[in-house]
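Each of the next two complexes has chain A plus one more chain, namely chain B in the first and chain C in the second.
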Partner chain A sequence: MKLTLFTCTVTALLSVMVALPIGYLLSRYDFRGKALIDAVLDIPIVLPPLVVGLSLLILFNKMPPWEWLGIDGPSFEEMFGKIFGPFMPEGMDAGITYKVPAVILAQFTVAAAFAVRTMRNTFDQISPRAEQVALTLGCNRAQAFIRVVVPEAWRGVSTAGTLAWTRAMGEFGPILVFAGTIRGRTEVLSSSVFLEISIGNLEGAVIVSLMMVSIAVVVLIAVRMWGRESRKKFVL
Partner chain B sequence: MIGIAVMYLLLIGGMLMADVFYSVSNVGWEEFKAILADEYIQS
Partner chain C sequence: MIAVEQLSVRAGDFCIDGISFEVPTGEHGVLMGKTGCGKTTILEAICGLKEVVSGRITLMGRDVTRLRAGERGIGFVPQDGALFATMTVRQQLAFGPKVQGWGKKEIEQRVPELAEELGIEDILERKPFGLSGGERQRVALGRALAVRPKIICLDEPLSALDEETHEGMVELIRSVVKEHGITALHITHSRREADLIADKEFFLEDGKLVQGRVE
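Take a look at the complex of A and B:
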C-alpha cells in the first residue's frame, strides 16, 4: 500500500511536469513534426501493456544504444547505477529493472500519455487572448506561461494529475514485465491481486480489489465535484 | 520541465526503436517468418 501510494504520487507529479510543456506546445504552436509527436504520444495508450513493459525492459537492460553505433559503452541501467549509486543508502544498489524505479517508470510511461491528452484539451479550451495581453504588457513567454496560463489551467492540471495517479494505480502489465512482482519489493496493489490469485487466495485478492475500487471511486467523485464547481464558476 | 518532457519523448521513441532493433539484430528474417507462420498465423 505504501509503495503504491509513493509510486503513484511520484508518477502523477512527473506526468504533470511532462504534460504541461508538451500539452501547451501541441495546443498553441504549429511546427514541422507536430503530427509525428502527436502520434508518438498516443503509442503508450494504444500499445498492449505487456509490450510496453517488454520494450522498456529491452531499452534499459538489453539494448545499450552504443551497440547500434558500434561503440562499447554502458547500458542505461549501468549509467543509472553509476550516477545514483553513490547517493543510495548502504545495502541498496541503484538499479532500475526489477526495482522500485522500474515500477515508477512503467507507470509513468502510460500515465503521462493520458496526462498530456488532458492538458492539451485544457489548453485548447483556454483562449490565448489573456497571455497575448500579458505579452503586450511586458511579460516574456515564460512569465506569461507561469503567471497567466498555468493559473488559468490549474483545474486541468489537477485533473491531469488525478488521472495520471489513478491510471498509475491500475497499471499492471508493464510492471509485471519490467519490475516483476516481487513480494515486499516491487509489489503494488495491482500486482498484489495477481499474486493472491496465483496462490489461490481469492479472499485476499477480493479485499485488495475492493480497496482499489474504493480508491478509484473516491478519486472519480472528487474530480467530478471539482469539475462541477469550476463549471458553476465559469457560468457565473 | 522541458528537459523531462524531452526525455519522455525520447523514452517512447527509444522504447520503440529498442524493440525493433532488438528483434532485427537477434531474430533473422527467415526465423521471424517461420515463428510467425508456425506459431501464430496457423493457430
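Take a look at the complex of A and C:
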C-alpha cells in the first residue's frame, strides 16, 4: 500500500512536469516533426501493456539507443547504477529492473502520455492573447508561461495529475514484465490482485481491488472538491 | 512616431507584402479594412508578436524590427481585452510595472492613479469574470498604459461594446492618448469610431494600404 502511494505520487509529479512543456509545445508551436512526436506520444496508450513492459525491459537492459547506431556503451541500467550506486545505503544497489524505479518507469510511460494529452487540450482552450499581452509588457517566453499561462491552466494541471495518479495505480502489464511482482519489493496494489488470484485467494484479491476502488474514488472526490474551491477563488 | 517601411509578414499561408505608412508622434492612426485582410497581422508585427520577413519598423526613431515584444515599449490592447483570468484588476494594472522592475512604492502609487483616471477604482479587487465589456476594456487599457508607453496599439478594442459604453470608451481613449502624448495605432471596422478618433486613416484593401484623411 505504501509503495503504491509512493510510486503513484512520484509518477503523477513526473508526468505533470513532463506534460506541461510538451503539451504547451504541441499546442502553441508548429514545427517539423510535430505530427511524428504527436504519434509517438500515443504509442504507450495504444500498445498492449505487456509489450510496453517488454520494450522498457529491452531498452534499459539489452539495447540502449546508441547500440542501434553501432556505438558500444553501457546500458541505462548500468549507467543508473554508476551514478546512484555510491549514494545508496549499505546492502542496497541502485538498479532499475525488478526494483522500485522500474515500477515508477512502467507507470510513468503510460501515465505521462495521458497527462500530455490532457495538458495539450488545456492549452488549446486557453487563448494565446493574454500571453502575448504579457510579452509586450516585458515578459520573456518563460516568464509569460509561468506567470500567465500556468495559473490559467491550473485546473488542467490538477486534472492531468489526477489522471496520471489513478492511471498509475491501475497499471499492471508493464509492471509485471519490467518490475516483476516480487512480494514486499515491487508489489503494488495492482500486482497484489494478480498475486492473490494466482495463489487462489479470491477473497484477498477482492479486498485489494476494493481498496483500489476506494482510493481512486477518494482521490477523484478530493480533486473535484479542491477544483471547485479553486474555481471559486478564480471567479471572485 | 510609428513608421513602417516595405513591411512583409507571413502568418501561415497568409502573407502581406510591401506595407508602408507613418503615424506622427502624438497622433491617433486608425487602420481599417475587411475582415481577414491582415490588419491584425500588421499590428502584431509592430508589437513584435509576428516575425517580420522583410522591411523595417521604426518606433519613435528607433529601429525595432528585430527587437522582442517587451523591448519595444508598446502598450497592446487586444480585441477581447485578454485579461489575465486569475489576477485581480489591481494585479493586472501592477503586472507590467512589476515585470519591468519598478519599485514597490512606485507601483503602489501608479495603480490607484491609473484606476482613478480610467474610473475603475471600485473594481480593483475583482477578477475579470463578471466584469462588464466596458470595465474589461478599461482594465485592458489601464494594463497597457501602466508602464507609461509612448506607443499604444489597439486591436478593435470597442467592437463588443453597446452603443452607450462605446461612446464613453471612445472619449476615454481619445482623452487618455492626447493627455499623455501617446502615439496610437487603432484597428476598427466602425466608420463612426474612426471619424471620432482618427487623426490619420489607413485602409487595407487587396494587400495594399491606402491613406485617407478624415474629412
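Just so it is clear, the second predicted complex is superposed on the first by the 210 of 236 C-alpha atoms of A that agree within 3 Å, B and C clash if a C-alpha of one lies under 4 Å from a C-alpha of the other, contacts with A are read in each partner's own complex, and residues count from 1 in each chain.
What we mean here is this: contacts are C-beta pairs under 8 Å (C-beta built on N, C-alpha and C of every residue); 3 or more make two chains touch, one makes a residue touch a chain.
Computed from a predicted structure; not experimentally measured.
With both structures placed on the common chain, the touch criterion links A:Gly138 to chain C but leaves chain B unconnected. Touch criterion met: A:Glu152 reaches chain C, while chain B stays clear of it. In the overlay built on the shared chain, the residue A:Arg129 is in contact with chain C alone; chain B does not reach it. Of the two partner chains placed around the shared chain by superposition, neither chain B nor chain C is touched by A:Thr118.
Of the two partner chains placed by superposition, only chain B is touched by A:Ser55; chain C is not. By the touch criterion defined above, A:Thr162 lies against neither chain B nor chain C after alignment on the C-alpha atoms of chain A. Once the two complexes are overlaid on the shared chain, A:Ile37 sits against chain B while remaining clear of chain C. In the superposition on the C-alpha atoms of chain A, no part of chain A is touched by chain B in one complex and by chain C in the other.
Touching chain C in their complex are the following residues of chain A: 127, 129-130, 132-140, 143, 147-148, 151-152, 154, 234-236. Considering their complex, residues 44, 47-49, 68-70, 72, 74-76, 78-80, 82-87, 95-96, 99-100, 126-127, 129-130, 140, 143-144, 147 of chain C touch chain A. Chain A meets chain B in the complex at residues 14, 17-18, 20-22, 37, 40-41, 43-44, 51-52, 54-56, 58-59, 62-63, 65, 67-68, 108-109, 112. On chain B, the positions that touch chain A within their shared complex are 1-2, 4-5, 8-9, 11-16, 18-19, 21-22, 25.
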